[in-house]
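Per-chain residue numbering starts at 1, and chain names A, B, C and D are given in the order in which the chains are listed.
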Amino acid sequence: MKIAFLGTGRMGLPMARSLLAAGHEVTAWNRTRGKAEPLAAHGARIAGTPAEAAQDAEIAVTMLADDEALDEVVFGDEGIYEALPQGGVHLGCSTIGVQLSRTLADAHEIQRQLYVAAPVFGRPEAAEARKLKVVAAGEAGAIELCRPVLDAIAARTFVVGADPAHANVVKLCGNFMIAAMIETLGETFAMARKSGVEPATFLEVLDGTFFGSPIFGGYAARIAEGEYRPAAFTMRLGLKDLRLLLAAAEAAEVPMPGASLVRDRLLTGIALGRGEDDWSAAAALAAEQAGL
Amino acid sequence: MKIAFLGTGRMGLPMARSLLAAGHEVTAWNRTRGKAEPLAAHGARIAGTPAEAAQDAEIAVTMLADDEALDEVVFGDEGIYEALPQGGVHLGCSTIGVQLSRTLADAHEIQRQLYVAAPVFGRPEAAEARKLKVVAAGEAGAIELCRPVLDAIAARTFVVGADPAHANVVKLCGNFMIAAMIETLGETFAMARKSGVEPATFLEVLDGTFFGSPIFGGYAARIAEGEYRPAAFTMRLGLKDLRLLLAAAEAAEVPMPGASLVRDRLLTGIALGRGEDDWSAAAALAAEQAGL
Amino acid sequence: MKIAFLGTGRMGLPMARSLLAAGHEVTAWNRTRGKAEPLAAHGARIAGTPAEAAQDAEIAVTMLADDEALDEVVFGDEGIYEALPQGGVHLGCSTIGVQLSRTLADAHEIQRQLYVAAPVFGRPEAAEARKLKVVAAGEAGAIELCRPVLDAIAARTFVVGADPAHANVVKLCGNFMIAAMIETLGETFAMARKSGVEPATFLEVLDGTFFGSPIFGGYAARIAEGEYRPAAFTMRLGLKDLRLLLAAAEAAEVPMPGASLVRDRLLTGIALGRGEDDWSAAAALAAEQAGL
Amino acid sequence: MKIAFLGTGRMGLPMARSLLAAGHEVTAWNRTRGKAEPLAAHGARIAGTPAEAAQDAEIAVTMLADDEALDEVVFGDEGIYEALPQGGVHLGCSTIGVQLSRTLADAHEIQRQLYVAAPVFGRPEAAEARKLKVVAAGEAGAIELCRPVLDAIAARTFVVGADPAHANVVKLCGNFMIAAMIETLGETFAMARKSGVEPATFLEVLDGTFFGSPIFGGYAARIAEGEYRPAAFTMRLGLKDLRLLLAAAEAAEVPMPGASLVRDRLLTGIALGRGEDDWSAAAALAAEQAGL
């Protein structure tokens, strides 16, 4: 396919290379032109502006740093918005805000172009190895048009809905999940270390118990289903353990704000009469407080 | 071995059965005697008091609901404290507080008994299937004495130190990690649902990206090592994504207090000059604020 | 003076009346014209567009609902930006964001107009009674030009700096302070009620101890000075009391997330070696974590 | 009256002096005897043990550092529990936990002694000047017996109920209120400073707007009443301002966790359909989440 590739940074460069390796005709553009030029050796044409890259493309892939950069590449002077032919697809792989994704969906529709949001999970090494996971959303037909591109860059593509914004929501939630795990790891490693447990020992336990085990997935499945009785482990028991941890952490002088927050959630559940529900009913509270 | 088993509830009962199946001589006690009696059919003797069960035991295993229950079974009238022979081991499998574990360590030493803290990860079904993971701490010699017991009930035993309290810290940190994951899942499922993403679809993405992948373990390893440069994903980029998520969640009217907390952690890192560190340096902040 | 008044809603209307009562020549505009018309009876001219109101004004006062509304009134078609004469002052009384205030300062400078940010504390009744408190920032000369306006609407004007954005920061901090007090009141009233204390009784104590007393002001003065030794009440004692409160609240099943947050702050202070500082040194931690 | 005074530290010493000045017969005891001895010059008898001090007292006043110290002085060897005559009153002025207060109430009843919890607000200087505020709870008759003592040490006594624990709840809530104000001040001073506003200037605004004004008291009254319509300032507007503050704080790199928490509370209110309620309805949410 004829593909315009906008943004050949640490993630975009290996993605564009994957497209070239899969036999696609790629025209690449990058703000700092030098970062796109290595692609010429792999057969890419290098464009001077986004518009030039997009003018005869079937699909324009964008992989940019943030909302501002993407906004400029699409709507700026020499942006792809005016250049991409009718029926062409903008495949947006950047991690951007939900609002901008909505704006893009509306704007491209006016121009009779298609828009698919397709943010990716994975690092440059995963991009290099075509092991990215893509979360895509958009009209089914538009996604089908993008299949050859998606298959060339990703190990797997999850289609999460017809509204492009859905993909952005899922991607942002995923990044929060990682950040929350980091916060939790940070607090627990601090607590373990200050209590005299070796970090390597603590890591060994985590590796042998949680990571790679079905524990987290099991809770996610229960939450997806929304059934919190019978309890495998009650809110009340969960609160007990959090109380014991916070008491020990206070004695060791280790602030654990994440643990405080979780404690308050469990306590709220108990105050609202869910003490004997499974502790994953914390998710029911989160939903209720969102007005669901 | 001659084993006293105190507390034959939902977890204790299958654990005691595993010991009997492995050929040990078990005397069981439970506050509600009826809950211990099914073990008689498997060859256990049923005792009327904790003291009676412990009086000629080599190892007294306790598996009780909370600190109060354990305190009573050990130090109460007819408790095991006076009854367990010198050189006998109290193998404490309950999830209890760090303070009580310290008290037990001191008390048993006075009585020339041994004490090993060995809380378990796993549910009744895992206990049934001898698939528990045990986190043990105590003097090496005492742990060795308990090996036959540990091997009979657990798929794996992690020895985390010579100070029994270490095992309790690790267990409590582990339970917090699950609770924090539940909180994060609760907030993200609420956000996904309110944004129009099907829970089953969201679950599919989580299953295909995080759970069963080395992502969380990789971060844990980095944190255990304490090296945050070069960054795979910077604090500054992490903050950007949290900001986008919180903005979208506000627009969708979904409160995400866990995300707010993580955002503030990342912002603190940036304010303190760590903006270009890997975002797992949030763990370095947690450690610093604990005075480490 | 010749004054354009843009935005005659619940706050703006009485403010404009105050200006008329003080003898100023006021041209008023409101998006819903009907809301401006009552001012005609007090001698105001009613304009059809912001530009019309501003075209011969010495000072253009804006009092609008939010950033979007102000942006439109200033920079939109028929906005005041092109109309206000050179040397004219835009006196912005709305509670708006710091970023927009910076944008306005730059934009008006280009047009050789002056810009003073002057958000107000007070409700419609206070506006009616000319008892508003104004927080103003901008060039000294510009503020002097606005004095007759400020004197006509406010009981007191605080000049907080030459950079207009300063006034917006202070106003937003002030509103947060009220919201935080509401959160704290909400949690404590819930705790008092659930513990059996009558709300009216609790209110009586608060009225007789904190409100109207120099307690809060005293702490603010200490924080402004930045001296936390000798302690009047140490961080360590503060943590003790928060611990007791959270334990009682847990027993009564009352979640107090604000108290958890404060507890973690005090614990951080102690972990960092400030246990014997006055507990107001929590403010020193907040400053340090901001990189100050 | 014949008064035993237990605990003559920084607070207790001036309180005991006030009792002597009012003509009472005081027997003082302190763990470090030297700290009680200055009272001898004012006419006090110095006792060697709590029991000795209490043995012929009508009222035993305790003013100790924490739960452990009070527990020891009451129930320890040589404690007042066995010594205080039947009908004697234990007037507990320390800031202690609700649980211990309940225990004391029960224990003294068994011994046919009376117990009044009467924690104090105020510092040593206030104690010196007899300007303490006392929050008392207990049986009406017992409080009446204590009146001469209360009148000698306090500017004002608030009676908050017949259950002694009520006084402890109110005192702990009061201390949290101060700590929360300190947290809020800490965050806002950090934000003001980092934005370039002088601390002294910010203090001047706070002094001129909030402190000494009826603002906080007005909100407390509204919350005590529980009426949140019509709104003086809506939740929705409150959220807007918090959003603007957090955006500005992020740009200035100032973490404001308290503001994040308040933002999430307001957002919860909006998600639950209270967007047009007065923002003090945050208190209604706190109550609901406590199961009220």
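Just so it is clear, contacts are C-beta pairs under 8 Å (C-beta built on N, C-alpha and C of every residue); 3 or more make two chains touch, one makes a residue touch a chain.
These numbers come from a predicted model, not from an experiment.
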Which neighbours does chain A have in common with chain D?
B, C
Of all other chains, the one whose Cα centre sits farthest from chain A:
D
Could you state the distance in Å from the CA-based centre of chain A to that of chain B?
30
So, in whole Å, the Cα centroid of chain B is separated from that of chain C by 47
How many angstrom between the C-alpha centroids of chain D and chain B?
37
When you check chain C against every other chain, which residues touch at least two of them?
253-257, 261, 265, 268, 271, 289-291
Can you check the complex and tell me which residues of chain B touch chain C?
257, 268, 271-273, 289-291
In their complex, what parts of chain D are in touch with chain B?
239, 243, 249-250, 253-257, 260-261, 263-265, 267-268, 270-271
If you look only at chain A, which of its residues touch chain B in the complex?
66-67, 95-99, 121, 123, 133, 135, 156, 158, 160-161, 163, 165-166, 168-170, 172-212, 214-217, 219-221, 223-226, 232-233, 238, 240-242, 244-245, 247-248, 251-259, 261-262, 265-266, 279-280, 282-287, 289-292
